[in-house]
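The letters A, B, C and D name the chains in turn, as written, and every chain counts its residues from 1.
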Amino acid sequence: MSAATATLGTTSLWDKVRTYSPPPRFLPLIVTIALFAGMFGAGSVRYENFGDPQVFLSLMINNAHLIVLAVGMTFVILTGGIDLSVGSVVAMSTMILAKTLEKGWSLPVAIVTVLLIATLLGTVMGLLIHYFDIQPFIATLAGLFLARGVAYLISIESIPIANETFMKWAYEPITLWSTYWIRWSVVVALIAVAVAAYVLAFTRFGRTVYAIGGNESSAMLMGLRVGVVKVGVYAVSGFCAGLGGLLFALNTPSGNSLHAVGMELDAIAAAVIGGILLTGGRGYVVGALVGVLVLGVIQTFIIFDGTLTSWWTRIAIGVLLLVFVVIQRLMTRRQT
Amino acid sequence: MLASPLLWPVVALLLLVVINTLALAFDFAGRGETSFFLNVRIQDGHLYGNIIDIARNSAPVLLVALGMTLIIATRGIDLSVGAIAAIAGAVACTRLVGAADEGAVTAAIMACTWALAVCVLLGLWNGFLVAVLGIQPILATLVLMVAGRGLAMLVTDGQITTVHNDTFSDLATGFVLGLPVASLIAVGMVVVAAVLTRRTALGMLIEAVGINPEASRLAGVRARTIIWTVYVFGAFCAGLAGLIIAANTNSVNANSLGLWIELDAILAVVIGGTALTGGRFSLAGTLVGALFITTLARTIPNVGIPSEANYLFKAVVVVAVCLLQSPRARAALRVRRRPVPKGAHS
Amino acid sequence: MTTTHEERPVTTTTQNAGGVPAAQTPEPVIEMRDISITFGNVRALDGVSLRLLPGEVHALMGENGAGKSTLIKALTGVYTIDSGTIVVGGEEHQFSTPAAAQAAGISTVYQEVNLVPNLTVAENMLLGREPRFLGGINVRAMNRRAAATLERLGLDIDPRSMLGDHPIAIQQLVAIARAVDVEARVVILDEPTSSLDADEVEKLFEVMRRLRADGVAIVFVSHFLDQIYEIADRMTILRNGRLVEERMVADTTQLQLVQLMIGRELEALERLDRAATHQVTTTEPVLKAVGLSRKGSLEATDLCLYDGEVVGVAGLLGSGRTELARLLFGADTADNGTLEIRSARRRLRSPRHAIDRKVAFSSEDRKAEGVIADLTVADNMLLALQASRGWLRPIPQATRNRLVADYIEALDIRPADPNALMRNLSGGNQQKVLLARWLITEPELLILDEPTRGIDIGAKAQIQAKVAELAGKGMSVVFISAELEEVLRLSDRLVVMRDRRKIDERRNHDVTVSDVLEIIAGQGDAAGSRTEEETSRD
Amino acid sequence: SDDGSSGKDGEIVMGFAQVGAESGWRTANTDSIKASAEAAGIELKFSDAQQKQENQIQAIRSYIQQKVDVIAFSPVVETGWDAVLQEAKAANIPVILTDRAVDSEDTSLYETFLGSDFVLEGEKAGEWLVENAADSDVDGDGDINVVQLEGTTGAAPAIDRAEGFASAIEADSSISVSASQTGDFTRDGGKQVMESFLNADKSIDVVFAHNDDMGLGAIEAIEAAGLEPGKDIKIITVDAVKDGMTALSEGKINFIVECNPLLGDQLMELAKKVVAGEEVPERVVTEETTFTQEQATEVLADRKY
């Protein structure tokens, strides 16, 4: 058949139409989105009020901070690294914010301070990883300890946030239509996703991120600025963790060293569920967003059910996760 | 040998011992007494002292890290080990409580056998997801990490189950020939693993699969079986760890038993010189790594660090150790002498 | 929109090419003096010098492991040198990273494809200097520019396709395209032709000539002497990490060159007259494939392989040779067709099945599918044997040592250290280790996909002799190589492939290179006359 | 749906967001609430936050969307509830706090808080020690050397119990806390920290553990060191769960301050009142007592948890 197409690499238009399927690299993402939709649909059928659009919107409101964390994590994972520090950095950020506001700093200064410190911590971890060859797992685990430690050092007691402007952001709903509303944190999170998607797809930094994940030594030999980008992704992740901390504080207006314990695992899980390969180089930031929503919808399922004991809750979450992951895997099987 | 990758972890470990010794000596001198960190005395017919405690307390982390080492060598990771440990403890304790004669030796043996059998099943499960279905290890084991603790609580009905069985409790607190049983078990497993991997071809095959899975497959290596096996082994080790932790307090709290032990274990593995990217692994390194982590935990109360500074102390120590270990960091301290093949890792 | 050398007047280019004066003064663009590099206790380079003049093609010659790649990496900042000086454009200069070298106008194709599989062809070509619009990458412009460069090289590749989806040869072409796209004053090509066929090589040479005319200095590494004589002006010869001599190509005969490279006379270079010697004696084939096919990579193909016979597979890039080999070995599973091994129907579901039936396969992509970089030479060699024995039966230490020592000697692997890490071996020596891996399993059918890629002339002769010897002892060999002469010299029977199918099969008595090319070229008509359907499509 | 605001046959629907199942105490608390809800004919929607505040907030939001009649929860931490409680208030759903307070300026956000007073618990422990100071100087050097096993760093019970204890022992200058380290509320943690205390200091007189579990761990460590818990070293703990009470009756613990998990009945009563629009007191303290060794022996037989 193909003998008829004389030159290599060209296929007839008919062939293209006949064999059209979405590019395999988009498949995991498409499958994830489809499964999410399926789950949401199943919930609507099973539980009263589940289909209410506000449930979906609440999913975004509840998880805005996690979306931002997952965005940062996406950068890191795409280079083949990992960042365990983000949960602690969230706690530290809420603590710094609460403390500085308590001390009477102005809100913008406090926010900038939080973002700067978080980015700085990320950068330092990146430097350790790139220039001293310390494995990302360890460097960021040290970051986890450090950030949590700083949070405790600021105060072991939680500090409420009373700043008026901040509380206004926290309380004021943005009405979308009729009675449906979101919060500012959702807007920020979606902007973060959009910016990240742009950066990853259309900037040299973003493409270098993928190149490093594909093959770091090749990327280096191609003359790409591997060092800058590798340090950069941890800085980005640090920044996102700081921003995530601010959003977390919008949701729970307080500083607390016990916040966000283990949240790094949620962020990693979200990214991976969204089709981002842990070995690096493959995946899209939108996947991270969908991954967060999947984790959220699993939680919502459980809460709507409302009859499970603590242990059945965990088992149910595990089972739903399993079902999701297995279906996702089977549907993307032919990829590898 | 100066080039040995084990050198720096060992140095770091010794450094911690020195810190402890100084802190204790200073502390006691302040009260006009003397004490030596490394002191070991005989008490009730067995050894007693700081380092004995450390050896004993490091057993669970060592066991978990041991299994983790092999899993990591195949480019995998197992997040579920903490949950598996909890399940092992839960199964053993509930079987004991339910046994006809709770204090009997056979009851303890039966309970432990049951627990370990369950762990092997769980290992098979993890291995199935990773090796057969091809799910990324972190996700595959995340499932059991989340659900496993639920299962453990299901087994114990959410209660802290307390048991009274001397044989069982000897797993953690007993002594044989003056040496703690827990350490003997852990070291025994390390030896078994070392023999299995280094006296047979298993180690080499594991490394090959971890370094280049596709090339290994084309060379006829049964990557699937190997990966499956290491997850089962990892779960078995985690189960043993769970039994020891449960025996240590003669009780099981399904919610907290082995909580975050996977992080400690991975840390131990990496400090021991096994890279998370898979491939070459060092069991001796893992041993040192596990000892290091336990000593670190012991150092904190010894040095009198307030609870809120624990984490800072840990962060500093971990970074310091890793810098010591990093050839690049050491090269930066020295004059540039050798070419550093930059692209050489990956 | 695209800036290529082609479009600019030659004179200005010469002046602009990195500030090298257009005058006749042979002021070197790059001068490396007394470079030494030591890895552990291996002295990879020992006082080597290299002078590179503008507008020349400079061949870097030497056996496998002579230090060619190391010298290149020393120049471009991948390795830091122990001693010596590097002068670039009249100033002493040492690059700290390949990026710095690239910024200074040195464009390099390293040995083994060093691109990233998960980006598109266009991105692989242009990343780092992509056209931008308002700070972001202008994807359309990038694809257009890549397409233009590819077209100039005569390549029909979709710039938007993923690099990893292409066979290794295409990837190599893309790497070359990346190097020549940039406005460089120095272009370094480390074995760029190792997996290209004659056509592609000719296209590459055209580009090189054009660059040379523009005053660009080119470093060229190849183990094909004919190519050196065709394109190179001067050459620097290395042996065991030392500088042997710098010479004009025109003043050196091939024989002299070979002697300079290997430091002794070469006897093994005589023609292997195998073709006529072999007679098929058995009637039972080792392996018989009927209608073997796989969607998207191989159309239904029949093939019979007999004991003691070398079957050469000829064909152009992408003609499906590799795919055929992979199906025979079970590396991929066939959609259709049957496979009989020793007259028994087999379904090969994994390489393991094939190995158990004494089939061996050495892949063309040694980096991705052969080398276990972090294991030792010995472990790499013994991997397949050990795998088939199972982990419980380790190869006894004595056997181990003997096997490894034997093959290191037989294939002249350097360094002759069984405990050297595979990643530290030169490309050619890695290939030899992989060959040893399969020979150790004593297969009955050995499938070699480009086994001589990147192998020096002496070693190549050794490997060819080895193949002939094995066939003589009754082994059945499938030999795939982009080098037609080599295929013809070795094989008893020749299978010609095109468009993912077998189009012809001949006893190799009197087939010549031009015959084969004719068969391939004539296929359009032949296929047309075969089925009506295809005729109507044409 | 119109009648979403109440259960099928007009029964009250309560959404309860539990902290998790992190201790035996907590499971007793959960059981009590579930049993009482059933007994009181209240439909309970239960969720477990796995010790994460964000999960609890998510649960509360979800209860608002499910239009339950009343929301009750045990806050994981004290701060940061204002935003979500505002939402509940806007939806006209009354909120009851149990076990732990929230520190919010605006007390109109919730109807009432039912739970123990952690500071008071610490004080009770300290007061007992001051009263029994003479007996407690085990090594007779005139100083009473206390080591403290803290709960999870930063957790309200840990902070408050430490604070209450410290303020109570100020009354006797011979009592001092020489070392204080977190045991994370677990037996294993308590045991390991106690081991290192014992190796570092030979003059420990008293252990104050923030919960029974850490105290039980400490007992194991003390026994392993060849000492007799309750005699060579005095032990004070908080909670009074069954294992703790058993140890108390066996003389291994000297004094336990009760922290009562059985809030169910009180909670359901309050819920009914709140839904009916009746006035309820702003603060309801659970009935809690303390146990000496003798008292423990008496009540042990009919302890439910």
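The rule is simple: a residue touches a chain if its C-beta (ideal position, glycine included) is under 8 Å from a C-beta of that chain, and two chains touch if they have at least 3 such contacts.
Chains and their UniProt names: A = Sugar ABC transporter permease YjfF; B = ABC transporter permease; C = Sugar ABC transporter ATP-binding protein.
Keep in mind the model is a prediction, meaning the values are calculated, not measured.
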If you tally the C-beta contacts, which comes out ahead, A-B or B-D?
A-B
Centre-to-centre distance between chain B and chain A (centres being mean Cα positions), rounded to whole Å
30
Chain B and chain D, separation of their C-alpha mean positions in angstrom
32
Could you put a whole-Å number on the gap between the CA centroids of chain A and chain C?
42
Hey, how far is the Cα centre of chain A from the one of chain D, in Å?
35
Any chance you could list the residues of chain D touching two or more other chains?
20-21, 27, 30, 153-154
Residue numbers in chain A touching two or more further chains are 152, 156, 215, 217, 220-221, 309-311, 313-314
Two-or-more-chain contact residues of chain C, please, as numbers and ranges.
78, 97
With touch defined as at the top, which chains are paired up in contact here?
A-B, A-C, A-D, B-C, B-D
Hey, which residues of chain C end up touching chain B in the complex?
37-39, 78-82, 97, 329, 331, 350-352, 355-356, 361, 363, 368-375, 379, 383-384, 386-395, 423, 437
Write out the stretch or stretches of chain C touching chain A in their complex.
78, 97-99, 101-103, 108, 110, 113-119, 123-124, 127-128, 130, 132, 135-137, 139, 156-158, 162, 178, 299, 316-318, 499-501, 523-524, 527, 534, 537-538
Report the residues of chain A in contact with chain D in the complex, numbered from low to high.
48-49, 52, 54-55, 58, 61-62, 65-66, 152, 156-162, 167, 170-171, 248-262, 296, 299-300, 302-304, 306-311, 313-314
Under the definition above, what is the set of chain A residues touching chain C in their complex?
1-4, 6-10, 25, 198, 202-204, 207-208, 210-211, 213-215, 217-227, 281-282
Listed in rising order, chain A residues that touch chain B in their complex are 84, 128, 131-139, 141-146, 148-150, 152-153, 156, 215-217, 220-221, 265, 268-269, 272-273, 277-278, 309-319, 321-322, 325-326, 329-330, 333, 336
